[in-house]
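Just below is one structure, and these are the notes that go with it.
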Amino acid sequence: MSVTTARIMRPDDANIVGNVHGGTILKMIEEAGCIIGTRHCNTQSGDRCAAQLARVERTDFLYPMFIGEVAHVSAEITYASKHSVEVQVHVMSENILTGATKMTNRAALWYVPFSLKNVDNVTEVPPIKYASPGQEEEGKKRYEAQKMERLETKERNGELLMPVSAPDRTTKEPYTVGFSQSSLIHLVGPSDCTLHGFVHGGVTMKLMDEVAGIVAARHCKTNIVTASVDAINFHRKIMKGCVVTVSGRATFASNKSMEIEVFVDADPLIEAEKGKYRAVTAFFTYISLDKQGKPLPIPPMKLEGDGEQRRFEDGKMRYLQNKAKRLADKERQQ
Amino acid sequence: MSVTTARIMRPDDANIVGNVHGGTILKMIEEAGCIIGTRHCNTQSGDRCAAQLARVERTDFLYPMFIGEVAHVSAEITYASKHSVEVQVHVMSENILTGATKMTNRAALWYVPFSLKNVDNVTEVPPIKYASPGQEEEGKKRYEAQKMERLETKERNGELLMPVSAPDRTTKEPYTVGFSQSSLIHLVGPSDCTLHGFVHGGVTMKLMDEVAGIVAARHCKTNIVTASVDAINFHRKIMKGCVVTVSGRATFASNKSMEIEVFVDADPLIEAEKGKYRAVTAFFTYISLDKQGKPLPIPPMKLEGDGEQRRFEDGKMRYLQNKAKRLADKERQQ
Amino acid sequence: MSVTTARIMRPDDANIVGNVHGGTILKMIEEAGCIIGTRHCNTQSGDRCAAQLARVERTDFLYPMFIGEVAHVSAEITYASKHSVEVQVHVMSENILTGATKMTNRAALWYVPFSLKNVDNVTEVPPIKYASPGQEEEGKKRYEAQKMERLETKERNGELLMPVSAPDRTTKEPYTVGFSQSSLIHLVGPSDCTLHGFVHGGVTMKLMDEVAGIVAARHCKTNIVTASVDAINFHRKIMKGCVVTVSGRATFASNKSMEIEVFVDADPLIEAEKGKYRAVTAFFTYISLDKQGKPLPIPPMKLEGDGEQRRFEDGKMRYLQNKAKRLADKERQQ
């Protein structure tokens, strides 16, 4: 079971120099995943349901995409547990004039089906056929691994972060965390929502990339592009009629890239008694480019206080782990 | 009874060199038609209804439109049968700085009113006043002619076309049908729908133009623009919550233009038992332009197999008929 | 109680030379006001409600904003009467590369809460805490002043204005009112509406700025930008399923700026018996810029007939009053 979507990249999808935003691509990836997930979960009789994004595995942006190119997004169901499906997605960019194509992203998403009658009910997922028992075994391992990781990130979610939207560049020193910290606030509209009135995971990721991009641009003062996104867990759904606050702060910078932590808080506008809640957190990594698209060094961060120092060390560990993993993957492929 | 809408053309309405997409214009045309059609059909007591697009007559794109220009779309009801209305639409482009205006399109659309209470019920159309009995007679002739044509196209709708989104340029030879064949898939959102939750005909036509444009660009590798659209029949409505697959393939190329056949299939995401169905088919014609906007010759097609040969001959016939008709129209006007 | 929203300015937010439309900024201002107003009005038990824009005070566009900059919109509730709240809003532009920030707008908006159960019911507004009794007193004065002014503008609303969309530049002489008069028509879609299905005030203001901008560009034939907007009263809500006709005509021109009167009429598409009604009127002021962004003189208007002469004199009075007020404000600040 697979689906491929395609769309031309438009000016509003990209920054001023024509680079398509990472958030645009994440939104397309999630839309393809939502289609295939919802379709599969409705292939048997029983309650009608819609697939809701629960998690996105770490993804790298391998090549840039540009305005006028066609993005092809192919999604395939690769594992089904009792209550969730894994969808693997490939994104290709195509220059329709020269015919040049490039694989720009690979991603794996986990969806959970919720009943359309009662949106708190998770429905059962129909089984899928595997090419081999080994394939099912591999999928099960990925399923168990992500389940464990999801539990771990729940803890980090308690942290509070004051939204700082208006830049305070007079009192904050350049290259400090406070100097580039940013927030944006979005009122959920009908186009942001799925069939059962919850915000599409892709819409949330697009907002996250937008705020992380502002943080990176404030820090680097150059053309910055999304290099990778760490695994994102969608702990709680965001309802229609919410105000979403998305905040980002720099956590780590190597010479080549910088990491930005993003928090998404949802606030029901009408039912105030339900209270504000943390919906998502994630780490985005950005690189800085010159006018020819060549990488530029990232200005070092000026850390203030123990919290920033600790987060920097945590970020460094993630950076080194990812680097080691990339090298191992490369060797395995050779 | 008439209405005129107007809107400035924005970057997202156009391609990279600033030419407004044919699909943007078709969408505006349909929106004006929907307004005047719905308004007219609600002028008498009885069930409230919304006008749904049933057919668009062949339309030529006479002049290009550019970003920053204002598009003026005037729609007028010119004929009313018992269950449908004909709306004639004129599109003018205005350069608001120089004041230059041009008629860029003329189109005729047929709308059918569906009850808002029961969306399967077609309601009755209030009569309109004609300037003369001759005018009514002419309208009736157009009504009968399109009714006949609509029946004929139903047959072509059975044909299956595998969606091919990811370009396979390594195994396919340039200038073959397979090389440029394209598909795109769109999840219907709330902004795509009319008051009773069906996709606006204009939204569908914009998607069709988008996929046809990709086919043309893949074949020509140049700046391509929509030259004309053959009559389009909307056989079946597309419901909210559908996934729409739009596929295009080259059918004919003369030295000056190329014809692309487009298929629209709708797939209910949730109610899978309803099954996928063919909603619309149409022929789009494109021309290729150089950097100064001058027409370029179209690369000849490499045909493979009997099917492609047969479709090419059919396309050639349509091309010659349209050419003859254009000449006859010109002579009649002189 | 305050909220700050932020968003990057995209190509579709701006004109061809990159100046963000005044209407884009008005829409963001209103969205922030709607969030804070709705949030405040739901802080007590009782009927759930949504805040609907009733009035915007006169606002000046102090500096231009450009594509790629981040707009920061801060909204704060500054006064609460029994059935309305005053929201004061500040807009800052931030060039995220250079770090340069500018206050581009200040605005004051009045919102009225309507029950979500019965949209004709105005609910009660919870009281707010003032920093000092003097602050409450000042707010009360602003409240009484705007209440009076709202009554006065009701009269002007009766005036009829034929929508003129297609430009008639052959019969009209340049620089006459008829030459630049413009209309646009918009079918209300789901993304235009608030939680209870009425058009967002910000959406209406964006359309008003769009038509006023077309009038100004037709008159000046240059790059024009919004300089200020006079107080706007939203006398009647615009329902979902309406067609909105927005018409603009030049009323006054000094050497430095021109004033355009804008009328918004709503027409229920389905429930035709409810009839067309005037929803909003306002005055927009534009200035003309050369390619370097320097102000250009406005071509003098050619007045025809008593009505145009009278409206010109009225506009001149508003112009002189605003000028005097600006000077007085400046002196007070020194």
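A, B and C label the chains in the order they appear, each numbered from 1.
Convention: contacts are C-beta pairs under 8 Å (C-beta built on N, C-alpha and C of every residue); 3 or more make two chains touch, one makes a residue touch a chain.
Molecules present, by chain and UniProt name: A, B, C = Cytosolic acyl coenzyme A thioester hydrolase isoform X6.
Here the structure is a predicted model, which means the values were calculated and not measured.
With touch defined as above, tell me whether subunit A and subunit C contact each other through largely the same residue numbers, more than half shared, or through different ones.
The interface is built from different residue numbers on each side, given that under half of them are used by both copies.
What rotation angle, rounded to the nearest 5 degrees, superposes the C-alpha atoms of subunit B onto those of its identical copy subunit C?
120
Could you please state the distance in Å, as a whole number, between where the Cα atoms of subunit A are centred and where those of subunit C are centred?
One centre to the other, that is 36 Å.
Can you tell me which residues of subunit B touch two or more of the remaining chains?
Within subunit B, the residues that touch at least two other chains are 11-12, 190-191.
Using the touch definition from the top, list the residues of subunit C that touch subunit B in their complex.
Its residues touching subunit B are 11-12, 15-16, 163, 165-167, 169, 182-187, 189-191, 210, 213-214, 217-218, 221-222, 241, 243, 267, 269-272.
Where on subunit C does subunit A make contact in their complex?
Subunit C reaches subunit A through residues 3-8, 10-12, 31-32, 34-35, 38-39, 42-43, 48-50, 67-68, 70, 72, 74, 92, 94, 96-99, 101, 116, 190-191, 193, 195.
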